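Inspection log for the structure reproduced underneath, given as structure tokens.
Labels for the chains are A, B, C and D, by order of writing; each one numbers its residues from 1.
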């Protein structure tokens, strides 16, 4: 069945598989010290226009969030996130499992507002009892957000200014970073992202890799003995090459950006089809995830013809569902969708 | 200076000290196996009208919350609490330190509503992705709440019914339990409390003891090897008698209830004085904590004459402050307050 | 340079890559619910002759050890292991990171002895203070051990009998399981392994996969909501197919066993060469890891010609080094080694 | 029944209770900011001849060990201790509960040897794989040890030199510190202790207090926001005065040292009695704990007449038991013991 359920339902971009095959019998050292991890790191540093960046490859998004957050926080600190943030809701308590609280703030369309953030931090330090509370030790945002929305460059600049004023690192979850960077309304480049935060990751799993996320520490701030911390979390791959080769490929000949752009093109067509068929959007998303409002009675029949994601109930009569495009979505997929809607 | 800052600014009720002196040279075994812990447990079981209750003595409130919650939750579970709950805000992340998330729900005057709770749990299980989320594994409330308010018997009955329906234990934080039980508008007795939850604790520190809280497991549900778990948390006192003697004294000749009633009588007089002096209350509290709205300019002069607690800013011009009475508050203290207000 | 440094220096068996390519564009659901994870589980159940076995795929060895141990232990328990066990020494504290102690016992050639184990458990329960100690809650062994040695069927049977007597689950780390099963002196089959423990894992990373380990719960004892626990640890792959396809391939047409046998054949030839060249072994290993004693002065020259692993100093003049064969070792590799030794 | 079971079977030194009574109705702020905690800190700094020392009061020994160790270690580090160390064996895994491994080294009569320690640390850093292992991040010793023995000044000086060379803090568990300082063969003063380590604690629970241990950070090294860390562990007392008053009393008029000396005097008499009665010692202990070898058949009859502690089996026919004196042991207790032996 044709699926718009998520951006991780197919394998990897064929060029990635081809490189895995080509390099397969080469002897390479383990744990990320192979040639491909090095080459991929160089290419990422270059693409970020950030020669001092330190790059580390991990396997998946929740793992990366837990590693980055737990290794950068002090024991008395927690991480600020939107109430709708992935770490707040959909990681089964992976952050709390490392001993740290997620300090949940109100959001708008998945985004944290700089003034809400500043107000929160100010109040914290004004509170006479703040030494009995969890200190704000990091700010977590996602780009695009869990609702497919994007911070403008101005919004991110303001947010980062608050972080810097209070010496709190800003961490950007880029599980779908490519789709944000290539959005038609997106105003930010990879170097902008690298400049406007302390650490971020470039998502591979949802952007054409079999698995893998590239963490980028941009401010000479890689935690000491990070490899040991990763091992301690059970997150260190023996054959680090598996991720190195994938990112080396994704950052060769613009592949990461090209396949991200393809997904955006497909999403724009999908939006047209949905509008044309008279459906409403839950919100305006400029990236590959589209949130559509369906009448409850249409839900079940449609489920039998195409796969999509359940998002949330909207009152008694409607349901918000998610259609996601990806690097592997085709024009045929869209034509099929047009037919069944 | 006269202080209404909190209910833990003086030592212990004199009868407690007297008993400590009288029993001082007796040889007693350690770790809670002494005669006084046994006697106190018996008296508490009796006062709770719950012969099968298992009682365990700990040192302080945050410790007790962390011990009860972490020992009763499964690793995939978190604890539901009001956003204003003590464990949500004022325990420096002690629950998260045990690896569990506090699932914060909206509240009203510090209280969780049964229908809000039920809605949350229902939605959780309806969510296709709930296995990627933190399971609701316990409900935490406080009686009285952090705002001095009380659940009615009807409210607690409804809340507990939801918990039972979903097989989720209900835990009542009774750091100030005596003040709730003896409130003039309170409708609940200690046996009611014991019946309407799975585990609760009787606060000693804030109700006349030097330290100590008595955890009561009321449904044959004391976690296996709880003593070992307490030791592992660094919470096991070698001289368990210190707490046993205190609770034995508090539950002899109605002392716990009498001194709680005294604090309530003092709180009612304090409310009269505050009303008489034309101040407004932030909310109507029937227990020993009173939340008063002060003009900001009056704050500093008043601070020089009497001690009280800062609670929170209210707009730009006002501040909410807390006046607390306790077992040791005197009529003279109140007369003094009348003079300085 | 020719390398005998470890069994994870090349990619994956070519048939695995071929299957990844063939299935690449298929739409499959995430998180291990794909067709390949199901097929692989069926084949593994079959190969184990254990129809009730529950199989779960994880990414690497340390992750698997931490997941299995932390999800099966109670909070008051620790895991017994040999002092030389992988979890004791070489996992950067991954077990302790989950809050559990590794209870280290003396060993012989990497193996735990049943009588030493029984003695330890007996003494624990005889100790009046055992409630102040970490309870033995699981026994961890590896097959083959970290020294390449193997438990005989009799030894394992005795060890498991002790575990069953004390109701303590036995966990077998099978990171290199294939090499143990196909050893010429090994007396155990996969069904024997499945029968003689409560949970074990079949190593992929070191036996021809890019990554992946298959955990097998053999006694209807998969921890409740294990998927949630895996997510909470950051160990759940979105594209679970990546590991499903690999194990489906490894357990098709006897591949896992055939490539393991190849490594053993190569190891036997390597042993001949080493003996022939007059070197001594640190111990007699019947599997793919060979521990050889080198004079310190020969160490540096040899390092320039062939890669091998440093193991430990032996007195002042000698060093123990490790030569490992794998599924990808060739006769040419061995001829080269013969020449340089 | 007369008891030599431990040094925590009676209450507190009467002067402590007297001070608790005298100060009972004073209004004091909470959480250790009271006048008595301040006064006690000053007196301890003075007694340590270490004006820059920072003092923090906690409730019990295991709690203190977990707090100090977890707040001073990095996440990739563990704590080195003797295999017989209290944190290794008798704290129910409290250190591992904070996520850190106890790196257990061989010992002699409960003591770590400087050369064994140095060898261990050297080997760790020489190991090519040490980034896959737990880093040594602290050294824990106890003074007196769990066997009642004492490091000589020379031994401690050497041990601390190794620690300083490798920049690893040395932590001394002084649960029974007074008994070590006042031992007739002890060569160390409190200032010596303060000088020859980075952090230690002065035990109160086992030396005349109801509860309480005074942590002393001697090298300007109190962890940042230590109060918050203590709160997060559930270890912060609301009425901090309870411990402040006790240590203020213990460090007034030499009380701590006088009552420790008394226990030593009683222990020396106890040793005479035991020798005189023909019993053997398991080892020569110069402090208040005496380890005596009993024939198994004498064990049960003796248990009916006097309380003592079980230590361990010694072969098939003998048992090692512990007799402990304390500040509250009397000449009459000893006469009684002489009669029953």
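Just so it is clear, contacts are C-beta pairs under 8 Å (C-beta built on N, C-alpha and C of every residue); 3 or more make two chains touch, one makes a residue touch a chain.
Since we're looking at a predicted model, the values are computed, not measured.
Should one ask which of B-D and A-B has more C-beta pairs in contact, the pair is B-D. Among the other chains, A has the CA centre that is most remote from the centre of chain D. Centre-to-centre separation of chain A and chain D, using mean CA positions: 50 Å. Note: centroid distance chain B to chain D, computed from Cα atoms, is 33 Å. One simple way to say how far apart two chains are is to compare their mean CA positions; for chain A and chain B this gives 41 Å. Shared interface positions of chain C, i.e. residues touching 2 or more other chains, are given as 76, 91-93, 97, 99, 131-133, 228-229, 231-232.
Contact residues of chain A toward chain D in the complex are 31, 70-71, 74-76, 99, 131-133, 135, 224-225, 227-229, 231-232.
Residues of chain A that touch chain B in their complex: 76, 78, 89-93, 96-97, 99-102, 104, 123, 126-129, 131-134, 310, 313. For chain C in complex with chain A, the residues that touch the partner chain are 1-3, 5-6, 8-12, 14, 17, 20-21, 23-30, 59-67, 91-94, 97, 205-206, 210-211, 228-229, 231-239, 241-242, 307, 328.
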